[in-house]
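Quick notes on the structure that follows.
For reference, chains read A, B, C and D in written order, and residue numbers begin at 1 within each chain.
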Amino acid sequence: MRLHEYEALDIFEQVGIPVPRRGVAGAMHEALQVAGEIGYPVMLKAQVLVGGRGLAGGIKTASTPDELKEVAEGLLSSEIKGMPVRKILVCEKAEIAKELYVGITVDGYSGKPVIVVSTEGGVRIEETAKASPEKIASIHIEPSFGYYPYQARTLLRMLGLKQQLITSWTDVIGKLYNIALRYEALISEINPLVVLPNGGLLAVDAVLEVDDSALSRVRFALPDRVDRIENPLERRGREIGVTYVDLEGDIGLISSGAGLGMASMDIIGERMKPANFLETGGGITADLLYRCMELIMMKPDLRAVFINVYGGINPIHEGAKGVVRYIQEHNVKIPIVAKALGNRQEETWEIFRSAGVHVVTEAATEKAIDRLYELVGGN
Amino acid sequence: MRLHEYEALDIFEQVGIPVPRRGVAGAMHEALQVAGEIGYPVMLKAQVLVGGRGLAGGIKTASTPDELKEVAEGLLSSEIKGMPVRKILVCEKAEIAKELYVGITVDGYSGKPVIVVSTEGGVRIEETAKASPEKIASIHIEPSFGYYPYQARTLLRMLGLKQQLITSWTDVIGKLYNIALRYEALISEINPLVVLPNGGLLAVDAVLEVDDSALSRVRFALPDRVDRIENPLERRGREIGVTYVDLEGDIGLISSGAGLGMASMDIIGERMKPANFLETGGGITADLLYRCMELIMMKPDLRAVFINVYGGINPIHEGAKGVVRYIQEHNVKIPIVAKALGNRQEETWEIFRSAGVHVVTEAATEKAIDRLYELVGGN
Amino acid sequence: MSILIDDSTRVIVQGITGRIGSTQTHWMLEYGTKVVGGVTPGKGGSTVEGVPVFDSVKEAVQETGANASVFFVPAAFVLDAFLETIDAGVKLIVVVPEHIPVKDVVKMRSYANEKGVFALGPTTPGILVPGKGKMGIMPASLFAPGRVGIISRSGTLSYEFAGILSESNVGQSTVVGMGADPVVLRNLADILELFQEDEGTDGVIVVGEVGGEQEEKAAGFIARKMTKPVAAYIAGRHSPQGKRMGHAGAIVRGTTGTVDGKQEALRAAGVEVLQSPIHVAEWAKKHNLR
Amino acid sequence: MSILIDDSTRVIVQGITGRIGSTQTHWMLEYGTKVVGGVTPGKGGSTVEGVPVFDSVKEAVQETGANASVFFVPAAFVLDAFLETIDAGVKLIVVVPEHIPVKDVVKMRSYANEKGVFALGPTTPGILVPGKGKMGIMPASLFAPGRVGIISRSGTLSYEFAGILSESNVGQSTVVGMGADPVVLRNLADILELFQEDEGTDGVIVVGEVGGEQEEKAAGFIARKMTKPVAAYIAGRHSPQGKRMGHAGAIVRGTTGTVDGKQEALRAAGVEVLQSPIHVAEWAKKHNLR
């Protein structure tokens, strides 16, 4: 679960990382009030959970109340990469002597936490990483050993910094690492970590993504996870315990397994457009698939539905019963193609066929999608 | 710092260890009220920071309000091993099917945390440990690996217990281990851990001793450490940053180093009685020794003072100045013997002698105490 | 021949008394797997599908001579059970459950490496050797004995590839699910190495997906060490950038981890990159694999 | 001859720019110790007593060829500095500071053992080889060269014993403070072993105190392995039971750790138990030690 910048800044502040004076505003008059307290000029930052927000026009400056009114109004009525801006962060505009970068993540390949730092922070950090790898340094932390400040000092010394900056930056890294541990963060990042003209540091942005699998044991007050899903269908997916991604097309898709779902989408995408991506996970029941059908059918103008499931850990014959009940109760007319293989496959096929579902018994998903393509009229 | 039982029980309860219904009372009417809420019979337990409290009469039962009045009054006006009873814990009297023991400490020899369990808990646990070692089991925890529940399950299985008890006991051990970690406890102990007739567990006593050296980083709300020192002179010692132990004799003792202090006390004890034991630690200044003199002289009827210090890490010439200033300002008449060797010893001797301090320049403390013995008239 | 599972493999099922644990024990036994015991603390002394249940892994190993374990333990208890299993001397562990915190996986991996234990998962369908046995949840009907190895980051896509091959009369030597999480207990290259060394395997299929850098790193290994033909399929070409596709392993982070980047790296290592699973049949035919 | 410190020992002082660090550097240099550098992060480039100061241990080791380190670092930073020092390849570390949390000492000891580093302390006066050099705070005037080894749990009592011996014209080969904390970085027996092996040592004095079980455990080692005469003194006979005598190492826990118990164990191992420090002179004379 990714936290909003303003939420992450509060957490960073609690452990003593220096952060800007700031306030969150959901309306223009709130923004005016916050800016009045802070003093002009201020930064206005759209609180949306997408990357590349700055380059997409989500970060602005205002030097006067009049300017703020105009900018705040613009932001609060805009969308960034399709996400409506419901809140903006109003914060002091720091004088920037230099922009640094520090991020902590878990390196999937080595299986260890990794601390990444750079003397060239800012919106183009990824380009810097490619163009000037010498400006990036990183260190892996041995899980059984843990993090100690001397590791950060060693890392920063590699970048050829002065001791004063090494000392204050090491302090920030230690605090960020504690946050990463306590919140079981997959990503904790400050970009930019600003060096002020007086040599002090200021975390001008804050990224914190908590491991969804650890949410139940991160005992700290975290905002509710469902609420932050903007799309109502995706929110509904989370509620019923499946992964739902809303897309632009008109072919509904239910799959068991993310890989199979992605492959199905790739094959559909060659000739048609998927309307959504619903991945059931390993907990299929009749009731769950009934709700899955309900969810994908909420998309208007669906031309067909493709169900692609395997009976490994999942009782697909149970799932089929739920689909059939939905079809019968709602008198579904659009074509439904199902590929269902594995344990109890014959029983499953029979149940599907009883409600007019087109069952494909061949192994390749490609074949099932060929059938789907025929059924929607080949366009 | 050792916590009172009622303080430790609160901490145990916070993490979910089952503890009795209870309340603390500083006066008889409070005890009556708590007992009324809990229901009779109740246990009354003197809250004093000494071991062997039960065998010394500090734990009683009351079955009626009248009985409680008598017992509470008796306890609240008593002393246990010289410690006045200021508070009593009133708690439910659990039905006991069995008494277990669980304790976590750091084993000094192996340098590792150790979990000790026994199926024969209760006041005589130490005798059990000697007489029936097969009823005790323990396991060391590797510092770089940490504690996991399977270790406790393995440990408890060694005692030949039923799985239900293994499961609930393992749960208590895990919670106690978390407390030991979070509070940096040198000892965390439940004795007895009572098995109730219904098979449930109840922590009927709670011991928690926090590492003094870690107090500044144990961020949790801990009661103030100075307040719990009953003896006003010992409390004053803590305030000025030295270790002071109040004793019954009439020879004042200041030493630098605990070992040297103990050896001095041992030698004094052969012929005389020390009045106190003051160990300066490694931070001697003129001012500190002035305060040390002030502190040991608070004891009435002192016959002499022995100062035994080494100039290794300590500037003993500075210390001597503080002693001399005290003598001169307070016109001290009793004999003071000083043995002061090491860096800048000659300078130190000169300062001491300027105020009439008897300086012994031989290496053996025994010789200095011979001199002391002569000066107090050999009795 | 096969990798990881052979005639000497004696399997215990951890969490055997649960709904999934008992059902899958049934399927594993039916497939001929030597399931010799199960573990659920507190259920020792009972049996599931005729298999004895023990309170601890240590007892199970002592009583049954087990040397391998498959996990159907609730996610919150996996770390503890995993460490217990290693301490009991088990050398092959398959961790089927999903939703295990990454912090736990990091610890598990570190300890398994330290103790020389081969572990797969989390979120893996397990290992299946056609006609011999299986540890995990792979549905047996889709597999056929033969000489092609499959390694897949996705559970269901491993079934898809095995199904397509079997339909074309191409069998599999061993099918391995490496797990779909951002951190897995063994990297792709470790499993490729086993296939390269296995005399019963003539070619290998790598089924990857968008996200992470397993395929890119494996490409280096393939270029340096693999002499057998390798085909690869990478799912996720049409997945929206930056959106989650069901598990964190499928998040695209920067340019590393894109489908294009992975395909390019694999092609450079001499791997045949398949655009759709169905093309695997032709590839097998081209290399005379059966 | 000596243990731990010899002609090849090149010492750095960590926390050299502090009040105690700089004073003690002065005394160590004056005593002839090869102090080749100091470390205080942020003070690199300066000098203390003519010794160059570095920002990191790694730099100090690289620039000076140091192989030993003595700590005057504030207690809160000792753990971090200790791990850094081990990673920089230093093989002998003396930790002088007191009040280091036990949790930190446990971690330090575990890592030092893993990496084969010999470390003493915390709360130790250090090591002194009379006439050669010293790492720590022992006041030089009390020591004289000779062939008796001293190991002490208490700092000041080690001075007391050395002083009494020197006065009686008995010198010391090496004087070692093992540290007074409940957990120390090396146990008593480890240091006894070095003295047993040292050709320059003819007899050893163990200065113990009430609490813990170092002396009891060392008695086992002495009985099995020591051929040189050993004398012991245990402080704390008149210390009130259960009261703290300044450091937790001196708490009496149950019957283990009493003065009587320790004396008995040592006597049973053939050790001569001294009732007062002053008797050490007679013991040395009896064994012709000088």
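Criterion: a residue touches a chain if its C-beta (ideal position, glycine included) is under 8 Å from a C-beta of that chain, and two chains touch if they have at least 3 such contacts.
The model shown is predicted, which means the values in this text are computed figures rather than measured ones.
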Higher number of C-beta pairs in contact (B-C or A-C) found for A-C
Chain-centre distance (mean CA atoms) for chain B and chain C, in whole Å, is 56
Per the C-alpha means, the centres of chain B and chain D lie apart by a whole-Å value of 27
Rounded to the nearest Å, the gap between Cα centres of chain C and chain D is 54
Within chain A, the set of residues that touch 2 or more other chains is 144-145
Residue numbers in chain D touching two or more further chains are 111
Among line, ring, star, complete and other, the chain contact graph is other
Listing every touching pair of chains gives A-B, A-C, A-D, B-C, B-D
Touching chain C in the complex, chain A uses residues 50-51, 106, 108-109, 111-113, 126, 129-130, 142-144, 181, 184, 186, 211-214, 216-217, 243, 245, 247, 255-263, 265-269, 274, 277, 279, 281-282, 309-313, 341-343, 345, 362-367
Within the complex, chain C is touched by chain B residues 145, 148-150, 153-154, 157, 163-164, 166-167
Listed in rising order, chain A residues that touch chain B in their complex are 144-145
Listed in rising order, the residues of chain D that touch chain A in the complex are 41-42, 44, 55-56, 58, 79-81, 83-84, 87, 111
Counting only contacts in the complex, chain D reaches chain B at residues 20, 24, 27, 75-76, 96, 98-103, 105-107, 109-111, 114, 125, 137-142, 152-157, 159-160, 163-164, 166-167, 180, 182-185, 187, 207, 209-210, 212-214, 217, 233, 235-240, 242-250, 254-255, 276-278
